[in-house]
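Structure in structure tokens, see below.
We call the chains A, B, C and D, going by the order they appear; numbering starts again at 1 in every chain.
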Amino acid sequence: MVVNKIKRIGILTGGGDCPGLNPVIRAVVRTAILEYGWEVVGIRNGYKGMYNGDFIELTLDSISGILHEGGTILYSSNKDNLFDYQVEVDGKLVNKDVSDVGMENIKKMGIDVMFIVGGDGTLTSARDFARKGVKVIAIPKTIDNDLASTDTTFGFSTAVDVATEALDRLHTTASSHHRIMVLEVMGRYAGWIALHSGIAGGADVILLPEIPYDIRNVARTIEERKARGKNFSIVVVGEGAKEIGGDITVREIIKDSPDPIRLGGIGIKVATQLEKLCGNETRATILGHLQRGGSPSSSDRILSTRYGVEAVKLAASGKFGNMVTLKGDHMSYDSLENVIGRKSKLVNPNGELVEAAKSMGIGFGDE
Amino acid sequence: MVVNKIKRIGILTGGGDCPGLNPVIRAVVRTAILEYGWEVVGIRNGYKGMYNGDFIELTLDSISGILHEGGTILYSSNKDNLFDYQVEVDGKLVNKDVSDVGMENIKKMGIDVMFIVGGDGTLTSARDFARKGVKVIAIPKTIDNDLASTDTTFGFSTAVDVATEALDRLHTTASSHHRIMVLEVMGRYAGWIALHSGIAGGADVILLPEIPYDIRNVARTIEERKARGKNFSIVVVGEGAKEIGGDITVREIIKDSPDPIRLGGIGIKVATQLEKLCGNETRATILGHLQRGGSPSSSDRILSTRYGVEAVKLAASGKFGNMVTLKGDHMSYDSLENVIGRKSKLVNPNGELVEAAKSMGIGFGDE
Amino acid sequence: MVVNKIKRIGILTGGGDCPGLNPVIRAVVRTAILEYGWEVVGIRNGYKGMYNGDFIELTLDSISGILHEGGTILYSSNKDNLFDYQVEVDGKLVNKDVSDVGMENIKKMGIDVMFIVGGDGTLTSARDFARKGVKVIAIPKTIDNDLASTDTTFGFSTAVDVATEALDRLHTTASSHHRIMVLEVMGRYAGWIALHSGIAGGADVILLPEIPYDIRNVARTIEERKARGKNFSIVVVGEGAKEIGGDITVREIIKDSPDPIRLGGIGIKVATQLEKLCGNETRATILGHLQRGGSPSSSDRILSTRYGVEAVKLAASGKFGNMVTLKGDHMSYDSLENVIGRKSKLVNPNGELVEAAKSMGIGFGDE
Amino acid sequence: MVVNKIKRIGILTGGGDCPGLNPVIRAVVRTAILEYGWEVVGIRNGYKGMYNGDFIELTLDSISGILHEGGTILYSSNKDNLFDYQVEVDGKLVNKDVSDVGMENIKKMGIDVMFIVGGDGTLTSARDFARKGVKVIAIPKTIDNDLASTDTTFGFSTAVDVATEALDRLHTTASSHHRIMVLEVMGRYAGWIALHSGIAGGADVILLPEIPYDIRNVARTIEERKARGKNFSIVVVGEGAKEIGGDITVREIIKDSPDPIRLGGIGIKVATQLEKLCGNETRATILGHLQRGGSPSSSDRILSTRYGVEAVKLAASGKFGNMVTLKGDHMSYDSLENVIGRKSKLVNPNGELVEAAKSMGIGFGDE
């Protein structure tokens, strides 16, 4: 009796948008069909579709022409934890564990292995399904690039490209008008996007969650530039940037926004303060969702393709309950039990990249 | 005696950033030097530099390699009306007419003709200098494309490109997450950027200053899409969009922003309302300064080059006091006396482009 | 009895690839369905599909997400003139008129009006079908922008963007290495792409079919630049450029190429000659098919959308046998009988754009 | 007495164009001036300028605004080996060792350390100068990414981006016209650009120097696609691709080209053969110099910046005679004596990336 014989796999994508999801789906489908002769079922709208039975067959045709497309043809959803899911019982909304319904649905569909692509929340559920006996292969997804278990995540390169192009645009206005231009980019806990785009886009100051800043230090860097004849400056701010000893409170003033985290964050505060301290006209731009959507960069297409192919190979070799990772230039894997809950990979304030930036005169507001 | 013989011209750029300024400067310098053998003086920082005597010689070398660059190598400034200029007198700041100082400075530099590139404010001063006897050639500049006296202004095409690319990016997120994505673009009085980028970017709803909207109409368009199986929508909002019978008040809530017009405008309000009315997660993005900076589109490079060449030819034929215009596919000109104060060219709510958009099912919130 | 009542329309695309075809299809389908309630049938692979009965229903879903895509979802074909079509008769390949088969097929499908998108060849057949009584609405397609009957054709703007970006890339190499870089762009009869991209990309010399050149004049322009301290030059060559009194013979040497027109054309000849005459290292690049494919520019998306919407409106008002045109900023139409066989719209060697380019020092090899 | 005290450094760039050269120069200048207080001298036109004494002072102003620019502000040259340099002696051109002249010149300029950026040829001379006692820090440059001594070289990422965008464009034409589109990319000895862009651009076949191909295998891959309903295919060919047991002879037919390596290489041969074998219309595009020029990608800007900063730090710590390298995510260095002559880093035909591509059904013509 062949126990592990795979005939049919399922795949779902969960959490926020991220360039590279479609290439992952494409790589999984192509490899599963062309290399192993498996059938592939797409579960739409993340775990919600697993609960509702929103399944479609994925063929080579289904994934034709999606390599360069942003988004996910399987759709995604947030707040769809089946282990704590909002359902209506006797006319009331209550949260309950409906994971068995999801498991029953994939069983009915004849799915032998579940490929789950997502961030922290999505993969925590993936681990919980693995604990309940589902054969799971996980693929990590975050544009923030802050996963400790893997060297690079897809989506990050595209986000850095978008932010760098934005800085190129802001640069001409800053220079022509002797202005300070502030760009707020994503990165709630880790400043990778800010650091990389800041270096690539020629920022003069980069503010990161990992290096608390004093706005007076920022102003001093800008004033030193003026003393050297440069009457403009570019400041990149990661959305989670923190003042030394301080908290972000600016969000309060725009609490009516539908997206308080994304709109009117720290960038506005920093711009307001710098205008007062330095006297230059200062403008803030919040890059927001522009970082998450659109065609993946060539680098992200390759990386996500590799994640997808490796995921199928892991399954073929029976290594369930694992998440695909990149280590150096090699694909690898780690147990979901290990990776869930692991601390974020943060920018090292004394690391090589920050030191290199400082050597070139880029300020971080810490001194 | 040859009265009008030109030996030396001056050029300045005023007002906000606009892709195409450097190609204009390049075209003026090349044509002046190569075709007519004139010398060219650059006045830096707009009228402020005319007052301060901030002049540089412009040679073919000065303008080498700037065709594809955003911004202006001559810098620009706002609030620099020399006819009502803030100066310090006896330790107090007072406003006075210092236009004679500016005129004296250009006279000292031997400048025979002034080429002035700018928007409303800048060109109003240009007219006033013309009235005082300065030989002026004016070149219009506005990314909003709302000048009645000319068919198209440079900068507009680039702004539409940037907004369209943003819509492409937002589209993938909207589609993958069944969201409503709202993009606020520039256009305080005229909705050209919103209309063009909305059509190019596949928007489902376009809100313009010229067509007051009712948010319930917008919501209905979105609901009709849902009825056809499309669970997401893209809404483009020109920053000057108005509710039927209403006013924009949302700016109040972010009045601490250094740039209240640009950040947290109507886009946030629309998004907030739509989330409530339609139930979809809704996100707003304010494109802001990203529309004004960066490398000009190929179309804008050609157009601004044509404006620059024509300006020099106008001067060579002695047609001072005029602004260069584009009429159909021909360069032309009109008197500064005529063009200043002329009403903006607005989107025609019953015009061909709006009708075409409506025929394709795009909503404008008016019905 | 309502004779002209339209219930169902057909659409096909013929000829070479051109950015904007998908937006045209999308606009036709959306307007037909949403504005008029018609049904739409897609004929695949041009006239070949009309002959073979290769039809598909087009719904709103069919055209979802194609606005930003190059190519055509209906596919296209060349050499598919049904009035002179290669078929097998008694085991031999013979050419015969099979237009009746095509007409019978669309009649069987209940198609009331045929929307035909294509270039010269495709629209000549469209006219011939119109003569035989088919209700035809034609939409012109050429990236060369050389149709006399309309001001601008879609695809052209994208081709110019691609060529301009190529020039930006070649510029840095030319400048860093003191080289002459030659770029060959499309335009067999008309030099619009060369002229526009040459101006937008900062070319020093532009060679067009309309202005025969002498290579010694080209070399002199380059030498004059050297005399001014510019040791590099950029030359744009339209593929149909002609020597004064001469013919293109370079194609002979690469006659084994599968695409002799596109590969190894005039650009290589010009580069070879300039390297000898000027002594600089010289390199040629043939842009080729990169100009025809890929996502349409925002401008082309708007233009092709307008063509599509107007085509449907023409049909709705019973104006069959016409081709949609753009005149100034208005959509219009002209009889297929008039437009077929009309001479190409050529660059005017003494026109405003060429004169402007010459004023800036751009050479055309004619003096 | 402090022997190694650095006061003044020189920098030159040699060899072919490569995106990232300007960011390297910028990083060296900024770090030297801002971190160490050194002066910086630019040597123009590579070793030729070292011989001719073509020096300029580089200040912070010199390198302002060049981060996003392709090319090199210091210019470059080929065939400028001062150890075997063509000079005129008694009216005849002879080759001789003029390295002493170069050394004398940099000594006169007070240059303590030479920073030399270039490829194989340039760095071989760098080693030879090091052997003669010059304090040299070398920075590797090749878009081919085939240096064994470092993990990644700058320029490669941009080349892959350009090739991928070209594939995206060709894809729409291939698909719309049922064509085979062949793209020839750079890579004389190593197929990294072909492999990466092929995966990122969705190629169906990738031909590399490292994996000799049989055209019949290529045709079979294409026929298998047809059997699955895909009537088009995309083939990427590295310029050094080799037939099994064969040689490239196609270059012969275009030997009149000024750039025989670049124009009309293997891509045309492959296209010609595939058209015959498969019957589809087939077109070849030679990407050529478009891969070498233009604005560096964000990734290349970061990488080249890191190389530049590290080079200065190496000098500051007295580690002369070394080349900067990237190992994993850390900058490192290796002796010029070691790195010169080391075999190229080739694509592993049985490596992870090729295997992943094969798993997805991409053909390499080897089976």
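Keep this in mind: a residue touches a chain if its C-beta (ideal position, glycine included) is under 8 Å from a C-beta of that chain, and two chains touch if they have at least 3 such contacts.
Heads up on the chains, UniProt names are A, B, C, D = ATP-dependent 6-phosphofructokinase.
These numbers come from a predicted model, not from an experiment.
Enquirer: In contact with chain A and with chain B at once: which chains are those? Just list them.
Expert: Touches both chain A and chain B: nothing.
Enquirer: Compare the contact pairs of A-B with those of each option in B-C, C-D or A-D, and report the one where over half match by residue number.
Expert: That interface is repeated by C-D.
Enquirer: Between chain B and chain C, what's the gap in Å when you average each chain's C-alpha atoms?
Expert: Each chain's C-alpha centroid was found; their separation is 31 Å.
Enquirer: Roughly how many whole angstrom separate the Cα centroids of chain B and chain D?
Expert: From the centre of chain B to the centre of chain D is 41 Å.
Enquirer: Provide the C-alpha centroid distance between chain C and chain D, rounded to the nearest whole angstrom.
Expert: Roughly 35 Å separates the two chain centres.
Enquirer: Indicate the residues of chain D shared as contacts by at least two other chains.
Expert: Those would be 165, 168, 171, 175.
Enquirer: Using the contact definition from the top, classify how the chains connect: line, ring, star, complete or other.
Expert: ring
Enquirer: Touching chain A in the complex: which residues of chain B?
Expert: Against chain A, the touching part of chain B is residues 16-17, 21, 45, 69-72, 75-78, 162, 165-166, 168-173, 175-178, 181, 253-254, 256-259, 262-264, 268, 271-272, 275, 281-286, 288-290, 292-295.
Enquirer: Note which residues of chain D are touching chain A in the complex, please.
Expert: 27, 30-31, 34-35, 60-61, 64-65, 67-68, 151, 157, 160-161, 164-165, 168, 171, 175, 196-197, 199-202, 228-230, 297-299, 301-302, 305-306, 309-310, 312-313, 328-331, 352-353, 356, 359-361
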